[in-house]
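Notes for the one structure printed next.
Order as written gives the chain letters A, B and C; numbering starts at 1 within each chain.
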Amino acid sequence: MADRIASSLLKLLTYIVFVISTAVILFPVFKGIRYFNPTFFTEFPSQGMTQGGIFPAIVGSLLLMSLVAVFSVPVGVLIGVFLSEYAKPTWLSALLRTTITTMTSIPSIVYGLFGLAFFCITMGFGTSLLSASFTLSIMTVPFVGGSVSNFLMAVSNDLREAAMAIGADKRETVFMVIRAAKTGILSSTLLGLGRAFGETAPILVTGAVFYATNLPRRLTDPIMTLPTHIYAVVTNFPEDAYWMAYGSAALMVIIIVAIYSIVQWIRRRSS
Amino acid sequence: MKRFLNFLFSSVVVLVSICVIAALIGIFAMLIHESLPALKKIGWEFIASGAWYPTYEDAEFGMLYMILDSLILVGLTSVVVFPMGLGIALYTTEYANRREREIVRSVTELISGIPSVVVGLIGVLLIGPLMLKIGAWTPFNLLNAVVSLTVLTLPYAISLIIESLQSVSRDLREAALALGSSKIRASAMAIRGAKHEMLYALVLIVNRVLGETMVVLMVAGGAVMLPRSLFDPIRPLTAAIASEVGEVELGSLHYSALFLAGAVLLVISAVITVTAETFIRRGKRWLTG
Amino acid sequence: MNKEIVYEMKNLSAWFGKNQVLKNVSLKIYRNKITAIMGPSGCGKTTLLRCFNRLNDYTESFRVEGDIFFNGQNIYQMDPVQLRRRVGMVFQRPNPFPMSIFDNVAYGPRIHGLAKKRGLSERVEKALKAAALWDEVHGELRKSAYKLSGGQQQRLCIARAVAVEPEVILLDEPTSALDPIATERIEKLLEDLSSRYTIVIVTHSIGQALRISDYLGFMYKGELVEFGETSQVSEDPRHELTQLFLTGRIG
């Protein structure tokens, strides 16, 4: 009897929460998707964000993500390799593991502060695409590295031994393990980039402008991005500009859901 | 050639690893370096006073209220998120059928990726107007922040708690059921068995809320004060940093004070984590005698 | 008959941590013969086999004393990569690489720079024929190796080892994961291969050891209790333990 009650109560809770949170998440999509048209994707905003589109923010996010991918994916994979394939329990591997857990728990705004002080000011990159991409890369590396190392460690030792037994050296053995874990590495990468794509605060501090009339031409130019654009519109503009924030948010949610769906699809296919 | 490539590869792997460790040290060093001027100038006043008037002629840099705002927000949000997450996780692991389990799993995963700025937008444009309807004097306040943060962190909490419940071996649960205990008792047993893992999950949730910036920046209201009701606006540390660092004069005392606020954030998070870990360790020692 | 010694193991002892797994083992492996090592599980036979190509070395707690000579050269003074190029190995469970059938077999020749494009396909074909797999797969060399059956995968692993033309092939219970028909095929294959390669096989199957080997060793709790020509060991074992094992009373 008590079981029946507990079960129904929990079921009710689960269903209610699910319906509500799904509805809440879908709210910006429903509100925003109606603004999707060629103009919205290909034009600069104009008339105080009431006309035009989000073209520069899309391009900015794309540029930023490409740079983050270039910087953080190779480094993340190498870190994963070190943790999984080189890490006999030495002080260095223990230290690296602690480093990664610490880094994943640092709030993103602190990365923003660091990026501001180091990349923008000390290195002299200014508020720019370059500063923002370095800052986001530093945030992304520990996430990708930790996740990649888990996938590499899940590769059966049989494979390492098979490669070694045929005379493969360390590098060749590692490449074989990487090849065996490639779908896992791909999903770690996608998830890491998906997270970076949604990050706002660090970009706000290190690389974003709210309004640009040109696309960035150099790495040291500041950029508009989708998340900072949403923030700017919602907080700094009157109500007749909100449509643009809804549209941008809808686009972001769709992209994120697409990324996560791809990851789930990869996982289901490989298991 | 082959040997050279092998050597080169290993060197690169080790070198990159050292660079990442160096990056963390660099982050800490930079944060300390930039916050030292403020610490020297302001002294312990920064933690003893709540008066934060960074742009006044006679600037004051008391962070006490902002620290308390952060802690209040973290406390309230955890109190809402954790039990809800636990309930849903329990239903999913103990009662749900396969289909429901699959749906919960994949939907929480999809939702957990939603960027915080989008949740901030929802907080401003959907939850804010609701606040006025239920009698708040401003759409952006503590309650709005709690609700928005719940939307943001609940999926994360659910998957963390599911993971910790699953870490309890099935044997324990089946043993309880075999002894004729009801399903609730068996679930209670699972919770007891996973209490360390769950404490750890709670720490992760707390840290996530503590460090969350965009949502609180957009919906918490931004007033440096101690809230007396859920409808009062607040300004947690992260919101202060994010909103002020853009306009601050580089190298000024205010600039340095914001880095100090960042350091305070890290210290709070470290204290929470270490306390929980001590608890867990002590608990284990107590269990094993 | 003049028998050429390929491997000579002298007073080999080995430990995993504090646990001694090999106790003072000495034996000789002769060229182009099949040597089988049998014994109950946990007797150290697999560890012994993995000493021949130094595959235990990377295990953290492993420690070894004594010498192993390969063609007169001490293997602990050789580059393990070079040693393993000349000594192939096949494992208990088939462990093909996550690649196509062709690339699996071509992997060894490729990493050792043994053949360029043209020669490579010939080599692969030869190895697959030697492993009696060619007829079954020659039309679908681009297919993933994971699509093959367990027995085919194990023969692929043999082909992979053969493709670098090693002197010795080590086999660690290669048929324990296979059904009787696949097992029979592999036993037959090993006999064919022994004309060109020196074969050392570890097995817990007495029948298999007796059927295919020229030399037979029996291990028990880390010691090589008995070693000699198969006919002699099976008909007139010197040691009582061997007798007990052969008649199924221990094991």
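Operating definition for what follows: a contact is a pair of C-beta atoms (placed from the backbone, for glycine too) under 8 Å apart; a residue touches a chain by one contact, two chains touch by 3 or more.
Owing to the predicted nature of the structure, the values given are computational and were not obtained by experimental measurement.
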| item | value |
| --- | --- |
| Identity of the chain that, by mean CA position, is farthest from chain A | C |
| Pair of chains ranked first by number of touching C-beta pairs | A-B |
| CA centroid of chain A to CA centroid of chain C, Å | 48 |
| Computed distance of Cα centres, chain C from chain B, in Å | 55 |
| Chain centre separation in whole Å, for chain B relative to chain A (CA means) | 18 |
| Two or more partner chains touched - positions in chain A | 169, 172 |
| Chain C, residues touching no fewer than two other chains | 111 |
| Sequence positions of chain B contacting 2 or more other chains | 2 |
| Footprint of chain A on chain C - complex, ascending | 53, 55, 58, 60, 81-85, 88-89, 91, 93, 95-99, 107-108, 111-112, 157, 160-161, 164, 170 |
| Touching residues (chain side chain A, partner chain C) in the complex | 88-89, 156, 158-159, 161-169, 172, 176, 179-180, 182 |
| Complex contact set, residues of chain B against chain A | 2-3, 5-6, 9-10, 12-14, 16-21, 23-24, 26-27, 30-31, 33-34, 84, 87-88, 90-92, 95-96, 100, 104, 106-107, 109-111, 113-118, 120-122, 124-126, 151, 154-155, 182-184, 187, 204, 207, 210-214, 217-218, 238, 241-242, 245-246, 250, 258-259, 262, 265-266, 269, 273 |
| Of all residues in chain A, those that touch chain B in their complex | 2-3, 6-7, 10-11, 13-14, 17-18, 21-22, 24-25, 27-28, 31, 75, 78-79, 81-82, 86, 92, 95-96, 99-100, 102-103, 105-114, 116-118, 121, 138, 141-142, 145, 169-172, 174, 191, 194-195, 197-201, 204-205, 227-228, 230-231, 234-235, 242, 245-246, 249, 252-253, 256-257, 259-261, 264 |
